[in-house]
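Each remark here refers to the structure printed beneath this line.
The letters A, B, C, D and E name the chains in turn, as written, and every chain counts its residues from 1.
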Amino acid sequence: MMSNNSEATLTKSACQTEHIQLAFNLSYHRQDNAKDSFSLSINATVPAKGITAIFGHSGSGKTTLLRCIAGLEPSAKGQLQIAGDTWQDDNYFMPTHKRSLGYVFQEASLFDHLTAKGNLDFAIKRADKPFDQALYQKVLMIMGIEGLLSRFPSQLSGGERQRVAIARALLIQPQILLMDEPLAALDLARKQEILPYLEKLRDNIDIPILYVSHAMDEVARLADHTLMLEKGQLIAQGEVSQVFSRLDLPGQFQQDTGVIIKAQVLEKDEQWHLMRVAFSGGDLWLKDSGETVSQTVRVRVLARDISLALSAQQDSSILNRLQASVIEIKEDNNEALALVRLQVGEEFLLARLTRRSLAHLQITVGKQVWAQVKSVAIVY
Amino acid sequence: MMSNNSEATLTKSACQTEHIQLAFNLSYHRQDNAKDSFSLSINATVPAKGITAIFGHSGSGKTTLLRCIAGLEPSAKGQLQIAGDTWQDDNYFMPTHKRSLGYVFQEASLFDHLTAKGNLDFAIKRADKPFDQALYQKVLMIMGIEGLLSRFPSQLSGGERQRVAIARALLIQPQILLMDEPLAALDLARKQEILPYLEKLRDNIDIPILYVSHAMDEVARLADHTLMLEKGQLIAQGEVSQVFSRLDLPGQFQQDTGVIIKAQVLEKDEQWHLMRVAFSGGDLWLKDSGETVSQTVRVRVLARDISLALSAQQDSSILNRLQASVIEIKEDNNEALALVRLQVGEEFLLARLTRRSLAHLQITVGKQVWAQVKSVAIVY
Amino acid sequence: ERITIAVASNFTAPMKSLVAAFEQTSKHKVRVAYGSSGKFYAQIKQGAPFALFFSADQAKVSALIAQGLADEKSRFTYAVGRLVLWSNRDNLFLDGQHFLATDNYNKLALANPRLAPYGSAALEVLSSLGLLQQSKAKWVQGENIAQTYQFIHSGNAELGFVALSQVMRTGKVAHGSYWQVPSQLHQPIKQDAIVLNSAKNSAAAKAFISFMHSKAAKQIIAQYGYEHV
Amino acid sequence: MFSEADLSAIWLTLKLATIVTILLMIIGTPIAWWLARTHSPFKGVISTLVALPLVLPPTVLGFYLLLAMGPNGFIGQFTQALGLGTLPFTFWGLVVASIFYSMPFVVQPIQNAIESLGKRPLEAAATLRAGPWDSFFNVVLPLAKPGFITAAILGFAHTVGEFGVILMIGGNIPDETRVVSVQIYDHVEALDYAQAHVLSLSMIAFAFIVLFSLYWFQGKRGVKVMKLGG
Amino acid sequence: MFSEADLSAIWLTLKLATIVTILLMIIGTPIAWWLARTHSPFKGVISTLVALPLVLPPTVLGFYLLLAMGPNGFIGQFTQALGLGTLPFTFWGLVVASIFYSMPFVVQPIQNAIESLGKRPLEAAATLRAGPWDSFFNVVLPLAKPGFITAAILGFAHTVGEFGVILMIGGNIPDETRVVSVQIYDHVEALDYAQAHVLSLSMIAFAFIVLFSLYWFQGKRGVKVMKLGG
């Protein structure tokens, strides 16, 4: 766990406005081919706290957007206000090195002439806040790079390089973190060590993180807010739970469609290492991951993990059953499937079912059903 | 679909032995720090056909192994026989450019002085087989790079670069493909376009593919065989279905534990776009993805997608229920969970349940249960 | 007082002895810059800080006078060069005129006639002997007389016209074959010196010039193979 | 404007510089390649030897080359043994001397350019079935192009501007060894400043045009992307 | 072994080459930087002007510098207006002339090295709060080190080996402008070959030691990894 000390250090105490305003216009034209051009045009407001996920197809402009925010695209016209500071507007362009940000590039960006340690020290020396030994140790440990400090980048594996780069961006102790697919090169086990740390960051310091990822599970776990890009345009934005429970999203994220629900820990079952959480729609059992009673947690329920039943079954291994009413049915992109939006209490769930099952169970809008959720399917 | 034409071109007709023998020893020592060293020591036989997945933590030696096979680590001592040809032994070292292989590097490797098209042409000119227009068009389409051909690498996004690199490796039409996390930089939608193509490759040409990935779903979907590395050593190898149905695997792949089952298409339900496939354990309904009746398919069943019930429930949206008997129960790494190994016909399934459910349903070894599988959870 | 003087490079060796001798008896100091006369002309025009100029010929001195950079009255001839036909190889020839006529050699070295007085003297000799056209194909030209000497000394040119001062050591020609060119075959190679305007009133310059006219100086000059007037 | 002698000198200079540049690229490239890639303990010594001519004043270098290439020098003995006679006072003598003289200016930029490529492009080329020559011409050459161009410019220019060495071993033979630099020098020494100016200005103009078109061309070829905000 | 005049020439040469190299690095680096990064239409012209001195024979360059720095030349007018007098025949005249003369040898390697870095390291540095100077000294300089070292070697060596320009501008004045190259030339002219050999050999030995230790040091500093099979 991060020491209180380092958390304190990372906490920005100055009062600040609540949002990041960003509005950018940028075009790439190729001289020799007028048709082959890309333009980014984004106008968005994201919370100046927590993690904002940036989604989109390959080539949709995610990296370009982060570069604009970092001031690395000087030809981008636009406005940018971060927590009350103006970084860019029609008349002003703050150079990158004056912007208090940490950037994890999509591709290798370590300095080849410095060892891993040299790269970290580069950040520490220029950090916005004084060196914090506890933070340093913590970051090294989480990233699992203590043993690599004396190596040069050419002596590191792909994932090791990326971990050093993440550590470097953290040690600059910035006001905003821009992360371009930071975990893409990492294996699941390593991801599962780093993700909780990013969660801690999100929860304990009030700097915003813009996080490009195409791994839905990362995003669902980490992000509060999301921007979805398509061909340089914003096609959706908002709270993660809202955006992902919309049925009209582009098909790209089908497999991962689901909702995020905030709930409160009610009780812990020491014997089975489970805990029960409550939200307006009822209770859910999930793995006990160390939270304390009455703490608020976020649980993710994937559409594919929900099955519907007309009665409450007792002799199944499925622990969680919620009473729900069907409020919307939408044909899925796949012609065999349908998405069903359910109301449980004040929250919504999404369920993906075969159309045959829908027909078989005669599920229609307004019908009362039991939503069965495999507890193991709840991510967090 | 790939035209028959190009499939034929890719088919290697020469007779060949069935396996790839590889045995490598390599050490990196750092002069200034004797303790900080890495050594790879691998001795394995993998089929000279189909996809072999290479797994392991970041820094476990996956990239180093591929480099040894490609002849890019001249200091590696070892033996290497690919389909009857000796590429390396104690007395002989075939230089990389004589080895008929395609390599997708983990990091950017496009030639900066050539456009995307120039990069592809580089491969085409030197390909082991004559240019095949149909293959070319096919590869461009699958990788979605038709519109990018005139751009230089610096004008491409991260994912776009990777797609061009994959296309380039395919167009060399090699005897073996080495792919180092080829899809890590791609979003799900793009992955889902490329994966079926790789499957086609696997099924239609008899060249082996060594595929480094940490995405379990990719591997489960694609690979027949797997090598698992840990600190430069081989810790497990074998058929994917065997390796992954073992309960004693390191914890790293928990979330994705599951089995792969070969089954045959029995009937198609045109109305609901479903199809029924049969294997020794029974029938399963799944999305119709265009296969023809009596074709053999591979279905993946994740442990997390299986719930157990003591009776066959009829009013649930879960389509698939298989009668199974419990043959092994193992506590999972997570203390709330357990893994159950089930026999269905001659195949095995894995189910991950909470320990409480196990106790509640009084599931013990030998007990007969119903395994409920959400049809939508079947990957392929 | 210390003065700096410019001296044609063919006169380097004798000038070193002359300055040494001068400084033994005088309280004045002389710094010497050696170089080609053409370069010194250009430099003096650009205000080079030289008190005296010892040219390799008379032309540059005349040009300086014409430019008003020196006083005609101070002009004097400090040495007259002697031309020899010389080869690095012993017993190649005794009678140079005859040997030249045989055309039995690979290269004939001479100083560039446009630049060096020894070169134009060599040209005169060849034309007096009627060998100008015949020998032309075998010429190699040095930019100055020292370079011409190197061509021959290194054996790259079998023979050539150099200054007597170059092949003479302590009054005798040290080695190789040589033929002293009869002086009627060319105009005398007069090397003139002049006081530059900037040193008109320099005591050191006056002292050095009067030393140059002294017997001791003339003896040194003669030792190095120059005639004096 | 130009005398016949001037024209002949100009022609000779261009011929010399062109031949020397071509030979330098052919000889210098493998040396640079070796120096860029080797871990041999001799690397330091070879680097030093290549760079050494730099430090010697051209006239001194020329002086020693005159001795070495003369009938008693070791190069002279060698060329005589080959039945080529001796090199001084011949065009090919100038070529050989210029190669020594300008070698460091060619080797160093190429070496740096190759070193800065890293090994990735070569590895990628090898996996694409490109053998060493193929990789060299189709990957290394184009990627390290600025280095090669700099090498060629420095080599060519240095040869055109060469003077001391040529003076020493050329013998100022019209049509054979009297290059422009010597010709200008002669004009200056002979106080024929007008003719010197004409020749120098032409040389500057020529150099300007050549260099400028080269840089311009290089600029054109590079990837140009217009970026426009808005 | 060395006469007093020799020693004075050696000292003068080292002083000149050191000062010139330092100034060249200071002046050449920003020019190289600008040339490497700019998209300005003047890039071609400036590149050409920088490279131009290359093509001129040193004595010719020296001749024109002499005219320009003389009392009626434009540089001369300028220095006189500043009350500095004229530069020819002074040590600082040599410095100025050598800077013109050796500039291309410094600018080109640095420019190439910077160009081949690409923009990523600079972008990364900027996101790590490194301003332009900071980036330059802590990122560009170490990463482009081989280019800077080559530039310094070529600049230093070229100045040590310089002869024609110095002879023209300097006027061969003992202790003031008579550097080693001129001193050797004088020995040769005076037919004092023995002394010329001594001085030349020392110069070669010195150059060898300096270059060798430089290359050796450079090799040491580089990342060395032992790879052992087995």
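Keep in mind that, in the parts below, contacts are C-beta pairs under 8 Å (C-beta built on N, C-alpha and C of every residue); 3 or more make two chains touch, one makes a residue touch a chain.
All values reported here derive from a predicted model rather than from experimental measurement.
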Practice item. Count the smallest number of chain-to-chain hops linking chain A with chain C, moving only between touching chains. Key: 2
Check your understanding: What's the chain with its C-alpha centre farthest out from chain B?
Key -> C
**Study point:** Geometric centre distance via CA averages, chain E-chain C, whole Å
**Key:** 36
**Study point:** Whole-Å gap between the CA centroids of chain A and chain E
**Key:** 55
Practice item. Take the average of all CA coordinates in chain B, do the same for chain E, and state the distance between these two points in whole angstrom. Key: 59
Study note, to complete from the structure: Multi-chain touching residues of chain C, meaning two or more other chains, are 39, 42, 150
Point to revise | Where chain A touches two or more other chains, by residue | key: 28, 30, 107, 155
**Study point:** Contacts with two or more other chains, residues of chain D listed in rising order
**Key:** 63, 182, 185, 188, 225
Review point. Any idea which chain C residues touch chain D in the complex?
Key: 36, 38-39, 41-42, 59-60, 63, 107, 109, 112, 114-115, 139-143, 147, 150-151, 154-157
Practice item. Using the touch definition up top, name the residues of chain B that touch chain D in the complex. Key: 70-72, 95-98, 100-103, 105, 107, 109-114, 122-123, 126-128, 152, 154-155, 168-169, 172
Check your understanding: What does chain E use to touch chain A in their complex?
Key -> 120-121, 123-132, 134-135, 138-139, 142-143, 145, 223, 225
Study note, to complete from the structure: Per the touch rule, the chain E residues reaching chain D in their complex are 43-45, 47-48, 51-52, 54-61, 63-64, 104-105, 108-109, 112-113, 115-117, 146-147, 150, 153-154, 157-158, 160-164, 180-182, 184-185, 188, 196, 200, 203-204, 206-208, 211-212, 215-216, 219
Check your understanding: Contact residues on chain D for chain C in the complex?
Key -> 63, 66-67, 69-73, 86, 88-89, 167-168, 171-173, 182, 185-186, 188-191
